[in-house]
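Given below, in the form of structure tokens, are the structures.
In the two complexes that follow, subunit A is the common piece, with subunit B as its partner first and subunit C second.
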Partner chain A sequence: MQTKRTVFGNRLLPYAFLLPQLAVTVVFFLWPAAQAVIQSFQREDAFGLSTTWVGLANYVDLLHEPTYLNSLKVTAIFAPAVTLLSVGLGLVFAVSLDRLVRGSRVYAALLVWPYAVAPAVAGIMWWFLFNPTIGLLPYLLAAVGYRWDHSLQPTDAMILVVIAASWKQVSYNFLFFMAGLQAIPKSMIEAAAIDGAGPVKRFFTIVFPLLSPTTFFLAVINLVYAMFDTFPVIHATTGGNPAQSTNILVYKVFVDGFIGLNLGSSAAQSVVLMVIVVTLTVIQFKWVERKVNY
Partner chain B sequence: MSAIEITGVSKVYAGGVRAVSDVSLSIADGEFIVLVGPSGCGKSTLLRMIAGLETITSGTVAIGNRVVNEIDPAARNIAMVFQNYALYPHMSVYDNLAYGLRNRGVPKTDIDARVAEAARMLEIEPFLTRKPKQLSGGQRQRVAMGRAIVRKPDAFLFDEPLSNLDAKLRVSMRGEIRQLQRRLGVTSVYVTHDQLEAMTLADRIVVLNGGRIEQVGRPLDVYHNPASTFVASFIGSPAMNLAEAEVTGGAVAIGGQVVASGVSGVKDGQVIVGLRAEDIQPAAPGTGVPFAVRYIEELGALRLVHGSVEGRHLTMALSPDLPLADEMKVVVAADRLHFFEDGSGRRMTR
Partner chain C sequence: MLTRSLIAGLALTFLSGSSFAATEITWWHAMGGELGKKLDEIVAKYNASQDEYKVTAVYKGSYPETMTAAIAAFRAKQQPDIVQVFEVGTGTMMAAKGAIYPVYQLMKDTGAAFDPKAFLSAVVGYYTDADGNMLSMPFNSSTPILYYNKDVFKKAGLDPEQPPKTWEDVESYSQKIMSSGAAKCGFTTGWISWVQLENFSAWHNKPIGTLQNGIGGMDAELTVNGDLQVRHWTNLKKWQDEGLFQYGGPAGGNDAPPKFYSQECAIYMNSSASRAGVIANSKDFEVGFGMLPYYSDVQGAPQNSIIGGATLWVLKGHDEAEYKGVADFFSFLSSPEVQADWHQYSGYLPITEAAYKLGQEQGFYAKNPGSDVAIKQITLNPPTDNSKGLRFGNYVQIRDVIDEEFQNLLAGQKSPKDALDSVVTRGNKLIADFRAANG
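Let's turn to the complex of A and B:
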């Protein structure tokens, strides 16, 4: 491939062009991240008047704090559940749409809508739908004999936040799977049909394996989403309750730092999260091109 | 192995586009039929209707005395080779070949034996454990053929299988397909837009134009007796010369210049006259029709001389040893002229 190389007359000019982008990255990303790392090694008094260097004490405390360990456990359930539900539903919708002959563009447009809804609004919407007093779904569940109350039942609360967090993400996953399906040559599906594979068999032996790069990419993206971007959903619905049962890591960072004003511990928690997201990203880049590709 | 009977088949797409119109064709058991025509002539649609990948709007397709209109592609017991090969990229060559057999519940030992046999026949044994992307175009083509062979189908359907290969490989694969089909004796329908492939492969050629059959016949019959100006211009390279001409009392005149006389069996009037390039030759000194040379194409064994008679473009094929001049005198073989109706382009019976 031919690449065109631009030659600058002035040696400083290319750096000047890069400067705005670098400035934005440094001011808005690197600086706060560095601040968090530094803060995680410090302890601040309640009035913010003095700061002491405490080394790894904040991290060691985390390992002994039952609510933090609980939060780890909650996240370990919440994030995979959201990923599974949203990726699974996205795939189901995309495959169904692929089989549709007429009106598929209308359906596609409608299925993308939820992505335009802000997470907090989505959270409130589901909170209303599942509200034990005025909600529609508890009313229907009562008809089959289930007493829904997410303000008292930890399981109900978890189901609520998982559904609310997954809902809008289904649209995103659907779009990617739709593009992935369109990239599979039609003749390959036809060859499989002639080879005697029915629609279900074709899906599991041909379509799904060929979608595996998309699936893996989405799995990582959704895990990261569930761990980091679901704060508004939790905040608008359960607030981490009842009994800490929906207090995921990112929400606990907020509660401990901004409500509890334990800035050191909060910073240490966000550094842990940072390490997790970096790990996931590395896995993403390393594996997506090797292992899953056919 | 089975005969294929196509009766009054039409295909109209939603939206009213008519791809195939009332096509009827009997394909004998073991016959190699080539459907040929320009793009959009309906040849692929017809093939896909035989395969069951396209619904049939009207008419019937029968494979081995069984009408298959409503039968799934899988149950028709046909095998198809696609233009882009359609190999399963995530499976090894072995699995690609075995896929159709596994789906049909063939026992493992039989699968092994049949894959091994097909691999030996196509000389792809060293590649059985590789993935398709590790193979060259020609090797992929063989795997696609192998996938068709292992199934032992009633019919092979080929959809332009050689068009993704380079010219040299295409010629050798063409020969292999022909030999393989002869050896296995499986009824085959082959779609191509390349008249040379049609001529060299077919037992019978079916020339399609605008969704209709223009002509069905053995390659040399189609070449020597084209049923219409369309077939005349499509089959043969270089294409047959076609020119408007006036017939008066057995004399054929192009642009007022009499090029042949003593032609019998053609009524007086306006016609389209067709002459193969090899049927125009330099005239003996002092005779012939003036031929203004425009440009020359050297083919090695032949020399194509493009020029005009009375402003009508004509091409003649000469031996390279013959002398050339800017202005030549030529003579046409009167007994080898083809006459087509002016307007409809149908061949006139002589």
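Let's turn to the complex of A and C:
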């Protein structure tokens, strides 16, 4: 493999260039992460006046804590649902647009728009739309005989947060699929068309397999997004309610740590999350690297 | 992630310290909007009244945010002199003996003129230790009251000057309101935990926990699954099924006020501090005020309601000159003129007898009907062990547990007894955790 090589005259110079970035990483990531690991083995009052080492007690407690197990379950439903919905819709939009002859630029611009909306604002907007008292959608749903109430019905609440969290992510996925589609040689599709393959057959035998690296990459990215970046959406819509039915792991870290001031447990939960994100990143790199060169 | 934001918060507090000729006193508070403006006005008045001290008031966001910010600052030794903490944070603050400077101690050490007897016992009782010493300075206290729509009452053929007195009234009035088509729902409420459990119990002179509702010591446990509480939650569920009652969401109940403002529900229970907001938002109809309802067959009801809101805590780690200033500022804050002004503007309770008297002399209550319901309600009877207040560790989370179990009840996933039993089990676990961390 041919790589570019820069030769530095001074041996220290490359390290000096790296220093600012390393400092930022150490101060804002490694140090706090290490603090979280240390805190996860301690039990401490909010003010830090008395600290006791409790070993793995915080982790053991998590395993016996029904609300934490519930939160795992909720995340296991929420994250794949958001991924499936946002990747699926992104693909549908990209493929539809790819077949469009006129106005595709306008549509593309419109489809990318939601990505510019801040998550908290998006959350508030969906909260308004779905509000059981003043919202538009419950009013329309009532007309077809469905009584929407996400303040009490766990299923309604889950649907609400999944839609709100997926909405803006669709734009992101759409962009990647658009790029992926443009990389597929037109000649291949045309050859299949001459052989008599219809649009559906062409999609499933040519387009979709060739898009698989993009799809896989997006699946991982969206999974990570759904697990970690959806905090503002949950915060602005349900706040983890009703009865913890939308209390995903990352939101629980916040509630237990910042509202509940239970630092030990919150730190242990952060460490568990850290392990999950590291695992996902490793999987992604291994797979994407292998898949991308064929 | 958690620690990262903490560090960012600390960096900010580093930047905010600066020096003036006058001794500077910082006060972190959670009063946004109109209340924040009024607070700034009070502080400006104090600063203009003398030149020895300068109070700087800083708005830190919601109650939990303000408390968390102060705690993070304390850990980094950058704490403010004064921090405003909501009532359910009292247990946490009290347990932090090395971090707080009890107000009675501060007043004694600095020799400031201070008479704990001047304060309303129903307010102070919430914030005193087992020996009756005042630990924090009451500032904004409120209590839930009942608001009702006089126009809807008229339309339903009810007397618009008579608020429902008992829960039996609430039920029969609601039925009448609905059957006559005057409104779609009878009543709604904010703060299930505060109004329909804590205050409900105090109002009926029933305990919610052992050891004087936790005020007597950290070994207290919850006992909210008593017969009367189960009866009330059974009724609420039944009334919800019949449509008489509509749920307004957890905590403060984001959805409760719109139900009342839009005239969907005719009766509404919420904080007396919502009074100004309720009046401003109900331009199309006339609002009436009443005390909380009670069950007429319960002995000893109505007793007195308990408060919510916040107090000012003084944090350790500053020098004597600053504490002298804090004491001086507290004397100013609790003076009748300042208190009466704040109370009349905000709807919070007057916290001293003198402020209440001043309001009467000024004719404020005669001019503003309903503005004295709250104070009459908390002073209805001398507080008992069941109606002094409550104090449990981790109570912020216990409030969430109460909301969650109430949601389970309304969604039909648990019976009233099971829901309240879970509140007790889960709540006692949280209290035990708190004891372990603060023992």
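Here is the rule we use: the second predicted complex is superposed on the first by the 279 of 294 C-alpha atoms of A that agree within 3 Å, B and C clash if a C-alpha of one lies under 4 Å from a C-alpha of the other, contacts with A are read in each partner's own complex, and residues count from 1 in each chain.
Following the convention adopted for this analysis, a contact is a pair of C-beta atoms (placed from the backbone, for glycine too) under 8 Å apart; a residue touches a chain by one contact, two chains touch by 3 or more.
The model shown is predicted, which means the values in this text are computed figures rather than measured ones.
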- Superposed partners subunit B and subunit C on subunit A - clash or fit: fit
- Query: Does subunit B (first) or subunit C (second) touch A:P20, or do both, or does neither?
  - Reply: neither
- Query: In the superposed arrangement, does A:G145 touch subunit B (first), subunit C (second), both or neither?
  - Reply: neither
- Query: Touching A:M188, do we find subunit B (first), subunit C (second), both, or neither?
  - Reply: first
- Mind working out whether A:P242 is in touch with subunit B, subunit C, both or neither, as first, second, both or neither? second
- Message: Once chain A of both complexes is superposed, is A:A267 in touch with subunit B (first), subunit C (second), both, or neither?
- Response: second
- Between subunit B (first) and subunit C (second), which does A:G9 come into contact with in this model arrangement: first, second, both, or neither? neither
- Look at A:I134 in the shared chain and tell me whether it touches subunit B only, subunit C only, both, or neither; answer first, second, both or neither. second
- Minimum Cα separation, subunit C to subunit B, after superposition on A (Å): 42
- Query: What part of subunit A is shared between its subunit B contacts and its subunit C contacts?
  - Reply: none
- Contact footprint of subunit A on subunit B as seen in their complex: 51-53, 72-74, 78-80, 82-84, 86-90, 99-100, 103-104, 131, 133, 147, 151
- Query: Tell me, which parts of subunit A touch subunit B in their complex?
  - Reply: 185, 187-188, 190-198, 201, 205-206, 209-210, 212, 294
- Message: Give the list of subunit C residues in touch with subunit A in this complex.
- Response: 1-4, 6-7, 64, 68, 71, 74-75, 92, 95-99, 247, 249-250, 255, 258-259, 262, 264, 394, 396-397, 400, 403-405, 407-408, 410-411, 413, 433, 436-439
- Message: List the residues on subunit A that touch subunit C in their complex, please.
- Response: 28-29, 32-33, 35-36, 39, 43-50, 131-134, 151-154, 239, 241-244, 250, 253-262, 264, 266-267, 270
